[in-house]
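Two complexes are shown next, each including chain A; its partner changes from chain B in the first to chain C in the second.
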Partner chain A sequence: MRLPILFFRLYLLALFCFVFAPIVTSTVFSFNSDRFPTMPLGHFTTQWYQTAFARPEVWEAFRNSMTVALSAATLSTALGFATAYTDFRFGFRFKPAYLALALLPPTIPLVIMGLAMLAWLGQLGLSGTITGIVIAHTVMAAPFAMAICRLRLQQMDASLEAAAWNLGASPWRAMRVVVVPFCLPAIISAFCLTAAVSFDEFIVAWFVSGLNRTVPVMILEILQGNVDPQINAIGTVVFITSITLVVAAQLLLLGRTAR
Partner chain B sequence: MTGAAPLVRFSQVRKSYGAIEAVRGIDLDIGRGEFVAIMGPSGCGKTTTLRMLAGLEIPTAGTITIDGRVTNRLPAHERDTPLVWQSLALFPFLDVAQNVEFGLKMRDVPRAERQARVALWLERLGLEGFEHRPIDQLSGGQKQRVALARSLITEPEMLLLDEPLSALDAHLVVRMQGVLTRLQKELGITFVYVTHSQSEAFAMSDRVVIMGHGEIVQIGRPREIFRAPRNRFVAEFVGHNNILSGTVTQGEIDVDGVRLPLAGVSDGPAEIVVAADRMEIYGSPPSSPALKAAFVSEEFAGAGVICHFEGPGDLELRAQVPEARLAELSPEPGKPFWLAWAADSPHVLTHREGRT
Partner chain C sequence: MARIPSIYPHVWRVPLLIWQGLFFVGPLILMVAMSFWLVRNYRMEPDFVLANWERMLTRDYFWSAYQVTFLRASLAAALASLFAFPASYALAFKVSATARRWAIFFLIVPFFTSYLVRVYAWQVLLAESGPVNAVIGFAGMGPFTMLNSGFGAMVGYLTLVMPLVVILQTFSLAAIDRNLIEAAWNLGASPRRTLVRVIVPAARVGLILGAVFAFILSFGDFVSPFYLGGSKPPTLSILIIDTTKSGQQWPRAAVVAVMMILTLFTVAFAAVGAAYRRKA
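Let's look at the complex of A and B:
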């Protein structure tokens, strides 16, 4: 009994080391004075952060990424919640097909998705625009939002909404005062998670971004030029942003489910 | 409850879901201030009937009139027919006071009045001091009272209850029954109470409506339903009844070769009901005719002990016996007993093929 548990714990530890080692390395070297990542380390410095964030294009990329992440998160959370509610509330004939369609985007290879988005947004005259990236990221992130909202709705007593009607709330008002408040932790969590998905997303953004580069696209372009600890500095900021969003999402979800 | 115009009238109301008919043409009048229990096994259409009254289901055919107005399609939120849900359906993200004031808020009652009425209703139901308690920190009985306060705060003419006590412990059920009957008398409003529990229905209501397979089988006062079930379905559902069939000749019924008294019934085949509390049991053959049956088990039921017997031809028999008397008889499984009744005890079922 004891030995397998010990083995399992070691395995888990190794797994986390494997996943986080590159990130930790990158963070460590972002504060290292040496130009190249070599051991032993030089002295502690924040100069790479200073040089990186002194560049206007880095700020521009962060601004773009923030705009895209917030817009895409808002849209995909709204869309995901609406889809999940439709599934919760109504029974209809082609529901399995509807659900399959709603959950389809994450299964499409990203390169294909990027190409398709490029062609389609080009037709609409939106390729290379921030709006274009928002649309692409909304499509990609909405299924995650839907999955999270659906999970929460499944915990809702179906008579809760009917109880609101019964006490004089019109269907819209019941939605506002009962369904949305009940789902609020899931909605905020979905918002955080979809923002993280959008903020990190590289491939599709690379296809459709054009001159309005997001952070991941900019990182690639800097990398193609020269390897420089500035990348580590930018990478660390990106990582902290994403992990904060994901952890916030998890805390909200687990906090409510545990009750 | 006749006389004045009824508060609610169901007239040939039907409800089907696709090919399934949940309610098959019911007619029912409910008077003002009446406590009506709708009782039946699961799937009998009682909850659907209640939901139609609340506007949560639209009848497929027929009309439902509330206060003289046809309300078939009136949306739920435009009615004043609050419902106490089986799950209680309290809003978990609101505290006690916010739950209770919900109905007033939806009617845009000003804040000051809402607070005053919440205070009044919390006091009425013994919930003072719980205003800001979250719902998940209440006991079962407290939740029940919050649900009642939430439904009654708009002072409706009618309260609908859908098996509200089914999740409570036995001792709380009895206490809540007391709370409910007291409230109903004090407020003088109509209660429509759906349940599958005979004891709840009989303990509280003025009239009991027995439903089976989407139809109303019998309507009557609890005593009538208990003593004079209309058919086998009701007799079986009400429980603690003995259902026997035999041939009647000259004031006696022949049950499996034993001739037992049966007053006022003409000759011919008959099916009769004898309530368990009207059945006499003897430890040795009595001088008068009696059915011989083997003791099976006993079931303690407060006022007495319900004893189960197996009679001739696998006939299931029950008798309610005072505890002290049972001790004298020292029953044990398989031991023979003799069962009989007074001539005026049996009730004759009018329909032999009573199942609907």
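Let's look at the complex of A and C:
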């Protein structure tokens, strides 16, 4: 059963084709002139981009998405860093429960989060608001920020901070001049990644957004209608945005860890 | 350490407690409570009645949705684990460390890109007159109807979970002590026997975690069964959305949600228990 290396190469190729086929397809068809996706392809066109971005509601949705993504990324990165630092620096009773509370949200199905958030934000008078979406996305994205910051703290010599204290720096000052600069690549990376999470999330946003639609919520609503190549155009822009964020996040992390 | 002022640790520790309490635990508790509420004249009233539970759990459509969701998620977990394994094996043992890092890098990227647009792309690819059928047509077969079926939904589930399963499997395979494998060979074990008796048991934790995450993600997914599976039969997540969005019956949707969470917890605990159980 010793398989030739060629088999493994081909198998990996097939796997990556499967994973990336939808991303490539969407991009290719966004430049294809035929209204219905058939083979062979028609000619090259940018008309779907033009029609999509001539609509004011598309711009409105992009503005909403940007606002939500930037706010949620800021909040969840701050929350994630504080939690990661707590885990790194302090021991206390019930710490496993504390960490479970921090890391649990991504395991709850999105539909359930959506329902629970809809009911809860309704009680708080926040349903249908941008604030509501920001809150929901922060809950969902913070664990990712925490994981990234925690990994970076792992690489820091724990005695570095203690050395700063012994040299007379207050904990606050040690945090400012030692810990934060050391973690900066991870913090920026966490910001990019949580922005990407928020930018692509649509189920919870769909539940709580009301009339303030974000881009993926708008795509979801267009999808419930007909085949529409504008989705490919909008989707390609969404892909490029989130892939840029994710790649930036990973380059920051990999670049620093290699050193 | 003694000089740390007492407020300092709390500034870092407390924000999460407040935030998760307000916006994570709070909503979930409300949802559980809501499943006992009463709906009268299209308005919810706080109450403690079992009507919603009785109503949902005695209906056949709930149980058939439950069965479909559970079976599909199990199948997705099994298929994803099976299809991912040769790739993870190759990444762990057959390529250089640099190539492995790049592969992991490219597997993380799709995880954070729009799942919705990817599913739409599959709608295009798998359509009756789409590219996949065109390729099959060259071979003189088809066209096949692949959308609005269990097959379509499964393609969607695998799109969602495959990268994550490969990553988890690769990490656990790459962490195996090479000496163990060489020892097995030196002792005369065939490659097949080495795989079954040495490699798979050593990588058990990652293999099980991969399958569990595949199950959890597929079990809760709404997009694939709706847009690729044609939502017939409905899954539990489709049931929740229908009940919430059109029926205004939030308490009944809450019953379905609580049932889903209970199922996921049971499966996750059983699997993690199996993963970390000391081998007899």
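Structural remarks
As a working rule, the second predicted complex is superposed on the first by the 254 of 259 C-alpha atoms of A that agree within 3 Å, B and C clash if a C-alpha of one lies under 4 Å from a C-alpha of the other, contacts with A are read in each partner's own complex, and residues count from 1 in each chain.
Going forward, a residue touches a chain if its C-beta (ideal position, glycine included) is under 8 Å from a C-beta of that chain, and two chains touch if they have at least 3 such contacts.
Everything quoted here is computed from the prediction, not taken from an experiment.
Touched residues of chain A were counted for both chain B and chain C, and C has more of them. Within the superposed three-chain model, A:C17 lies out of touch with both chain B and chain C [touch as defined at top].
In the superposition on chain A, A:A100 contacts neither chain B nor chain C. Contact with chain B, but none with chain C, is seen for A:D157 once the two complexes are overlaid on the shared chain.
Look at A:F239: by the touch rule set out above, it reaches chain C but stays clear of chain B.
In the superposed model, A:V178 makes contact with chain B only, not with chain C.
In the superposed model, A:W165 lies in contact with both chain B and chain C.
For the contact definition in use here, the residues of chain A common to its chain B contact set and its chain C contact set are 162, 165, 171.
Residue ranges of chain C in contact with chain A, taken from their complex: 1, 3-5, 8-9, 11-13, 15-17, 19-20, 23-28, 30-31, 34, 83-84, 86-87, 89-91, 94-95, 101, 103, 105-110, 112-122, 124-125, 127, 129-131, 134, 158-159, 162-163, 166, 190-192, 195, 216, 219-223, 227, 237, 240-241, 244, 250, 253-254, 257, 260-261, 264, 268. Residues 157, 159-160, 162-171, 173-174, 178, 181-182, 184, 259 of chain A are the ones touching chain B in the complex. Put simply, chain B touches chain A in their complex at residues 54-56, 75-77, 80-83, 85-87, 89, 91-93, 102-103, 106-107, 136, 150-151, 154.
Taken together, the chain A residues at the contact with chain C in this complex read 1-2, 5, 8-9, 11-12, 15-16, 18-23, 25-26, 29, 36-39, 78-79, 82-83, 85-86, 89-90, 92, 98, 101-102, 104-105, 107-113, 115-121, 123, 135-136, 138-139, 142, 162, 165, 171-172, 193, 196-197, 200, 202-203, 207, 216, 219-220, 223, 231-232, 235, 238-239, 242-243, 245-247, 250, 254.
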